[in-house]
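All chains are identified by letter, namely A, B and C, in their written order; residue positions are counted from 1 within each chain.
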């Protein structure tokens, strides 16, 4: 796709500095970009790359604009403008056209006219698939599932019975929507399965990465609100609610019945325990265990940083003596401050 | 499914208080239940929900019975009774009927007469599938696998060559049984693959969640004993044994050759190192690293709890000084207690 | 496969002690081996198993050779020699022969003559598959993907558009190569997708376990260099480079744009943050959070060891007082050492 800078400036709401008729056809990094390409600078600490940059145009913010002499698209948020420009220059390509003859579609399924369904897809009874959806090869969409419009479902996905997806939902390869919640009642030494009768309800503009699992609810539903972005290999347990526009990074997880607020960011490998409430606008750093509710917005942590093993072993050994150390410290304080009386 | 309270009381071994002919047809939470529905109270801290509850009948324990005036099914373990009642009211529906014409079944496979095999399933040479099994769409069952009776295998599952499953085993979507163990021998800078020649042997009434991996053994087998319940996204490495009726929550993992005891509970994101022995009746809290064998029953932990980031940074900085602090404390104790001599 | 000890000695470069014409046909552990089997001892702490061992031949190192009276293959690295012997005695069996009639192969794909493609496989436009590759059932290989020679791809794998694999690459069931990087630009409360335009480039002799995800690059490529071994359930984020011959164990992850060096070992559940550089020959122990770059070779840790819960609760409570404790210690040191002046 070839676009003029004038078109891009208008589309991005950017101030154009340079030749409005100049054309670019793709994106590249500052270091790699050629004259036919667009690049961007969103973090001033990489400003030094501009000196030797050969890009045809650079998206940057007003404060970096003087550091670059070439064509510029000047915006308050260069990363956002880059995202939009890259989408224009590199439109995504559909993985399938029409309905492949090897797709197995139940006679009772209702499929909009312009849906693309790839080879080997299996679609169960009473499924509804909205206009503009694309379903990747060998994906399974179980009975009673509803997909809104313009959903993109990758290859080898499993969307299990009666789950409901809104519009513009993306689900990547290997993910499972509507797996059984982990609900077991003790019966002596044995576990008896608690039927998982709820569904997964997913809003609009939700994105779910690869090999992620969202369990169906036990009685009521598991809910992923609109605008949520989930990375790969995430575990969302039964009856969890993830609030609108929250983003969770790879290999994180939320245990059963926890409510995560809106606009939160949850970093990689974070674990949130069950039956908690996480407020809106909470940000949790990597590998933290969230073991109690967080009732106020803010940044929370719980990890320990890496150290050379030799140092680490010493500090860990001391950690195991920490309670004893605290008692010795208290005792010492008593000795020192009451010394006249003791002596 | 509509059932009378009299039938339910008998089936659950419950004391019925109220109308034995009253009928319910489904389950709901205390807050949502309607008069045609059954609900339950298993934790007394939610007793206040009873005041406004509209359920047709509530399962509860003797100590909560006086707090509810309506029809009641009184049992010692309401959650267990609820699990049984819900199974009766909501019988599960088969995902397939008979053998779908698009299933690829090797001519040497032995399939019981009443097995359901969905579209796109691939079954290899010399597989045996017992009576009453249900195999979800696009699942692959590799050569030589044996399934007992009444197994439920979800869509998009991979059960690899020569693994053996008992009766009533459930494997959910995306899981892989019999992946290669991670066995490599160093040859200078390179890694040489150690052939993984064992199988995975799974007992009866085992449940395996979505996107979980159970590696085959290196020489001998990996063993999942009867009654084990594994959640989603779990890693079970080669030559591990998981003892009967142990339950492991999501995103946990056990490294190679470790033996986990019976009736253990392992919470989410726990990691158990390799070549360890974990006793029976061990309970490990979330996100703990188990780096040595646990020889006695009990509760074990190793996580740190979440804190506001600003506080956390201070404590973490001190953690890195912990060994130095301990030495300073010791020195100070010496100074204080030996002061007369030092002075 | 039946082999003489003479043949094995020659193939392994081993010193043979015993009967060169003696034959073995399979491998077993020291405890289980029968006279027709080969076993090995790589760790002297298991030397006591030799006393009652019935193996036909044992691979061991010179320092253990005197502890065993039977046929012996003596080598400096018994585990490596065992790996090679086991590969000879147990050659792997192909999962498919030729191209199954139910495989869906785009007319523009270029498939070498001797490739095996199992049932239900879907191969997209302009895919190239090199000589000797084996593709497992229901796997999806998206448009433009290139596979070198002798790759082994398990069942239910997804290799997404335009990714490139070298020779002798193994990808196990459920893994996803080329999933979308987790790139989002903030637009007020909402997230706007940053197109992920790069590929995944995988070298030769790479092994990727089950249900692992390797994300494609945002602009440039994600790179897995030759000889890398990835276990199951691993997350490799966009624009990561994993250096040659590095091994990563199960459920670990590397966040975006991080460069991991060569010959590193990363244990289970380790998380490496984004935009870091990890030197060559770094070894990271289990469940460590790597939050800053590691510029020197060595062993690094960041976990805390498991403790009985009662002890743990005390130490954790003290951890939250650590900054206050450090200040009290400092104050006390001042009191003690400046006592004459204070008094």
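Definition applied: contacts are C-beta pairs under 8 Å (C-beta built on N, C-alpha and C of every residue); 3 or more make two chains touch, one makes a residue touch a chain.
None of the values given here were measured: they were computed from a predicted structure.
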Pairwise touch network: line, ring, star, complete, or other: complete
One copy, chain A, sits on the other, chain B, after a C-alpha rotation whose size in degrees, in steps of 5, is 120
Report the inter-centroid distance (CA atoms only) between chain A and chain C in whole Å. 25
Contacts with two or more other chains occur in chain C at residues 102, 120, 138, 156, 174, 211, 233, 251, 269, 303-305, 307, 319, 322, 325, 329, 332, 336
Within the complex, chain B is touched by chain C residues 27-29, 32, 77, 79-80, 82-84, 86-87, 90, 92-93, 95, 100, 102, 118-120, 136-138, 154-156, 170, 172-174, 205, 207, 209-211, 227, 229, 231-233, 244-245, 247, 249-251, 262-263, 268-269, 286-287, 303-310, 312-313, 316, 319-320, 322-323, 325-326, 329, 332-333, 336-337
Given the complex with chain B, which residues does chain A contribute to the contact? 102, 104, 120, 122, 124, 138, 140, 142-143, 156-158, 160-161, 174-176, 179-180, 182-187, 189-195, 197, 211, 213, 215, 219-220, 233, 235, 237, 251, 253, 255, 269, 271, 273, 284-285, 288-292, 294, 298-305, 307, 311, 314-315, 317-319, 321-322, 325, 328-329, 332, 335-336, 339
